[in-house]
Amino acid sequence: MFSPKRVLVLAPHTDDAELGCGGTMARWIDEGAEMFTAVFSIAETSLPPGSPRDRLKSECNEALDQIGVPTENRFIYNYPVRELGYHRQEVLEHMVGLSSEVRPDVILTPSGADLHQDHNVVFQESLRAFRHLTIMGYELPWNHITFSTHAFVVLSEDHLLRKWKALMKYDSQIELQRPYFRYEAIEAMARVRGMQVRSVYAEAYEMIRIRL
Amino acid sequence: MFSPKRVLVLAPHTDDAELGCGGTMARWIDEGAEMFTAVFSIAETSLPPGSPRDRLKSECNEALDQIGVPTENRFIYNYPVRELGYHRQEVLEHMVGLSSEVRPDVILTPSGADLHQDHNVVFQESLRAFRHLTIMGYELPWNHITFSTHAFVVLSEDHLLRKWKALMKYDSQIELQRPYFRYEAIEAMARVRGMQVRSVYAEAYEMIRIRL
Amino acid sequence: MFSPKRVLVLAPHTDDAELGCGGTMARWIDEGAEMFTAVFSIAETSLPPGSPRDRLKSECNEALDQIGVPTENRFIYNYPVRELGYHRQEVLEHMVGLSSEVRPDVILTPSGADLHQDHNVVFQESLRAFRHLTIMGYELPWNHITFSTHAFVVLSEDHLLRKWKALMKYDSQIELQRPYFRYEAIEAMARVRGMQVRSVYAEAYEMIRIRL
Amino acid sequence: MFSPKRVLVLAPHTDDAELGCGGTMARWIDEGAEMFTAVFSIAETSLPPGSPRDRLKSECNEALDQIGVPTENRFIYNYPVRELGYHRQEVLEHMVGLSSEVRPDVILTPSGADLHQDHNVVFQESLRAFRHLTIMGYELPWNHITFSTHAFVVLSEDHLLRKWKALMKYDSQIELQRPYFRYEAIEAMARVRGMQVRSVYAEAYEMIRIRL
Amino acid sequence: MFSPKRVLVLAPHTDDAELGCGGTMARWIDEGAEMFTAVFSIAETSLPPGSPRDRLKSECNEALDQIGVPTENRFIYNYPVRELGYHRQEVLEHMVGLSSEVRPDVILTPSGADLHQDHNVVFQESLRAFRHLTIMGYELPWNHITFSTHAFVVLSEDHLLRKWKALMKYDSQIELQRPYFRYEAIEAMARVRGMQVRSVYAEAYEMIRIRL
Amino acid sequence: MFSPKRVLVLAPHTDDAELGCGGTMARWIDEGAEMFTAVFSIAETSLPPGSPRDRLKSECNEALDQIGVPTENRFIYNYPVRELGYHRQEVLEHMVGLSSEVRPDVILTPSGADLHQDHNVVFQESLRAFRHLTIMGYELPWNHITFSTHAFVVLSEDHLLRKWKALMKYDSQIELQRPYFRYEAIEAMARVRGMQVRSVYAEAYEMIRIRL
């Protein structure tokens, strides 16, 4: 019923896209959407000691393989983590460039409720760059005090598993014992959101604007 | 991209559906949706002197012909105008019945910002009856102080004209010189909402919940 | 750090208290609070065919045993389900009576976002009856479109299990296959809310007012 | 009934004042208000190829002539477009200066819902500079997702025409085919807002604070 | 600068108008406004034992004398306290009648945040009856959890004293030791609201809609 | 009932803590809490002519003596007033350092409604630094248009007096005749907030998040 044709996912850092909307990406790819991902930081300082600096970039590529985003549809920039605020204008210009290059009809971006400073920059600039398109804000509960759930994407068990397998490529974060990389956490989120729309699993979104 | 299959429009009174979402109804019918309309009051007392009591019912049927809602998809009840609040439970039960009979995937209903007491009853009960479905609240600017526009349905000139022709069937209201039945008013609304999403014409909605 | 002395939980129907705040009740009882529960409907018509009419009342008593609410602290009324709206004044008067009898310092009540008509009545009347006390609105995700989480009560695994065991007393609802009575659902909720405050499990609340 | 004596309009760029509140300016001038306008950028890069760099400044002066703002009441600064964020402190200091020089009783400024980065800077700094005055946020629908309309200024046809004639001085923007410079767009806006307060034409505002 | 010509104050019970907006009434009368007051309940059961049933009506008349509301501009109905909800349609009809009889340009009414059930009825029906007029919601802090202060009316010491003298006519409520009838309480409110707009005293309002 | 163990108060400038939450600090110290204060600017330019540059630092130390904050629990930085926005990352790093050094369970910070640019920086960075703790936003009415009061701390007359005595140490601000340093202003605030929770005096807070 809702089949976006060209979807652009905006991720402040590697792993944000998979955590926030990996299941939706998997589903829409299955339904024929062309899927694009832009990552603004490979977070070279959020790694276990001794890691190669671009370790997260490699993991991200493996994760996107798992979800099914074609290699040529990935745009991975390397701004320093927690400093996107100093590169606000450049971030906006990348987005304006992607807007004409990718011609997306749906944008997935961090939500307006996200407390992380880099996520907030991506959120705000995406409102400016994609001023007349559908924009949905994905959920990362450890970053929100509260979250407005006006949109839901129903997921099958297969979509959830694909999200999970993608996340398992992030060995560096698993070594760092991020609690939200555990299967129970991923499944719990999907189950709670599913309950709200009478399905088993779902991902929830802040509906910023939908253009039908 | 968004093609609802079965749409149920809830109208407190004859003419509310056409005014609030007539263009959307026309467009989605063209795109293959099965369209249903439930009207809760034929407003027997909102007529010019000397009119037959069911004049609005006849006009409504002609208007829905114009839009293209099949005769068998119309559910027209006759609760007294401004008194739906005393029939809240019955209104809810009609909706629960329609839910299983029509099996809609999208509900169009008055918005939560609508000040009219009957509209408010239909809004509230629709949230209860269709607790897990997509629900969009349509715009009737003379009834709102403010209105939240998170969803837009783009219209062609043909959809707008079809809305306008449907409204022209309401001779009784034109006799009563309702200002919002004038072509300029209808077009102005569509044009303003179009401007917000870089199209010529659109109808705006409060996005209550979308289940994708 | 926060140890309420006398807590009154308001449940529109049997099972709402346990579902929404069973873990919190267990924890605060452990920490020495005196716990009271008022139930406004025993939902005689929400039962599997052939059940005794007061089956939910018996199950509720067993569940409250499990949580640890003393028998003499239970107030179980029998208004018909979905009709609390017609008994609004009586509901308020019960609450006013409980206010002077129980002298609570914290009220747990359905949230303002709850769509169920009976829940909404209990929410609204509790604001009136307890006009100067701490009031927290509990979460029942299948009844909300969105939910504001400004307060969190951290739970241990034991509190969660106690909530779960209490819910298992509701055989009638398990027979009816309510999905939110499954262990996975209960645990998923607690885990998601825990993630937001860096604990394993928690229950979230709409913070209506806190008087410290 | 409401007759401001000294009104200061804050425009991020030339043309924002006329588009957002040109009709109100015309009306209040007719009613005896002293009208002041501050423009922060003459947008030297938003011009058709081959234009003189200060073309928008000249057009702005002609437009303000049309509306009736005296020459000595215009304050036109020249910060680069889209970069007001880097001059936030200077913008604030200009406003603080204007506050003591102009001693306004009403401020018209971009609304808090405006997505454009420069508009947002002017909005935020105006809250700081005019901390105890009446502040109203004007509407530019192509820049908002949603807009809160708690205040309305009723316009006569003459006020609307004066707004229109002022806008017609912006040849550069007409050459660039900005859709919101078309007469239909201007009239549609005024008509929709008029409908909400039972008048033919109006301009709507976000009411930030009114000091009566 | 803002001089309403005809003001209608809606009071659910005797004393609400004086408490919520007595200073504003005094000021606008001084500035030439014609002032009208409608009271929906004389609260026959909110009296000290042994009082004549219409004691509050007499006190209200003395209070309105003090403020300066002409006798012929008072409309005092006698619905039972806490039961306006059962007379919603009649309340609305009184308002519709007042609308054409009084032809007000400004309505002062309880705010949308007011928890008292009767206040809520008057608020909601006033939105319906005066659908295109300026409506401001007055502040009664003991009835709100939170309150939105977008409008302020500055008061002189004389207006405050006139409000205070009017309240002193309510002997019955003073006997009942209502804390908000004490001078310190009245002055504290006015002082806090004054601080927000750099004046000594003010009354604050929720700005529901202003039509300029 | 609510007894925080370790409280960290964040003050953009000397005097903000005492003005916003001096009574709460006094009460919680009496109840055994360990109290910490971080001040980000000693506002060297907000002084009467001829003052020593660190005059506010000395006054602040005397004020904190009065309230009862131990000398070793004070962290006084010296960023220039109105320029915290240029030191956002450093402010955040101080907070992260305090988080591990102080291990607070409750944070008191300026509210999200505070218009002052420095206050806004402290508010935003505190959300980031203390992402899983209880955070309450204190009230400074001259800096807010509107303010959300979901939390109240009840004060005795003694707590209020202690707040007042602390403020009296700020001779420099009294010389500058800040109106909110007058006893009537301080008392009025406490009295209005007390009225909302049926006590004589209270301080109100925006409840950002509470973790119980």
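Order as written gives the chain letters A, B, C, D, E and F; numbering starts at 1 within each chain.
Here is the rule we use: contacts are C-beta pairs under 8 Å (C-beta built on N, C-alpha and C of every residue); 3 or more make two chains touch, one makes a residue touch a chain.
Protein identities per chain, from UniProt: A, B, C, D, E, F = PIG-L deacetylase family protein.
Keep in mind that this is a model prediction, so the values were computed, not measured.
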{"item": "Type of subunit A:subunit C copy interface by residue overlap (half), same or different", "value": "same"}
{"item": "Chain pair equivalent in interface to C-E, over half of contacts matched, among D-E, A-C or B-C", "value": "B-C"}
{"item": "Most distant chain from subunit A by Cα centroid", "value": "E"}
{"item": "Distance between the centres, which are taken as Cα means, of subunit D and subunit A, whole angstrom", "value": "38"}
{"item": "Where subunit A touches two or more other chains, by residue", "value": "131, 142, 145, 150, 196, 198, 208-209"}
{"item": "Pairs of chains in contact (touch as defined earlier), listed by label", "value": "A-B, A-C, A-D, A-F, B-C, B-D, B-E, C-E, C-F, D-E, D-F, E-F"}
{"item": "Contact set on subunit A toward subunit D in their complex", "value": "88-89, 127-128, 131, 208-209"}
{"item": "Subunit B residues within the subunit D interface of the complex", "value": "141-142, 144-150, 179-180, 184-185, 187-189, 191-192, 195-196, 198"}
{"item": "Footprint of subunit C on subunit F - complex, ascending", "value": "1-5, 105, 131-132, 150-154, 196-198, 207-212"}
{"item": "Contacting residues of subunit D [partner subunit A, same complex]", "value": "82-83, 85, 115-117, 142-143, 145"}
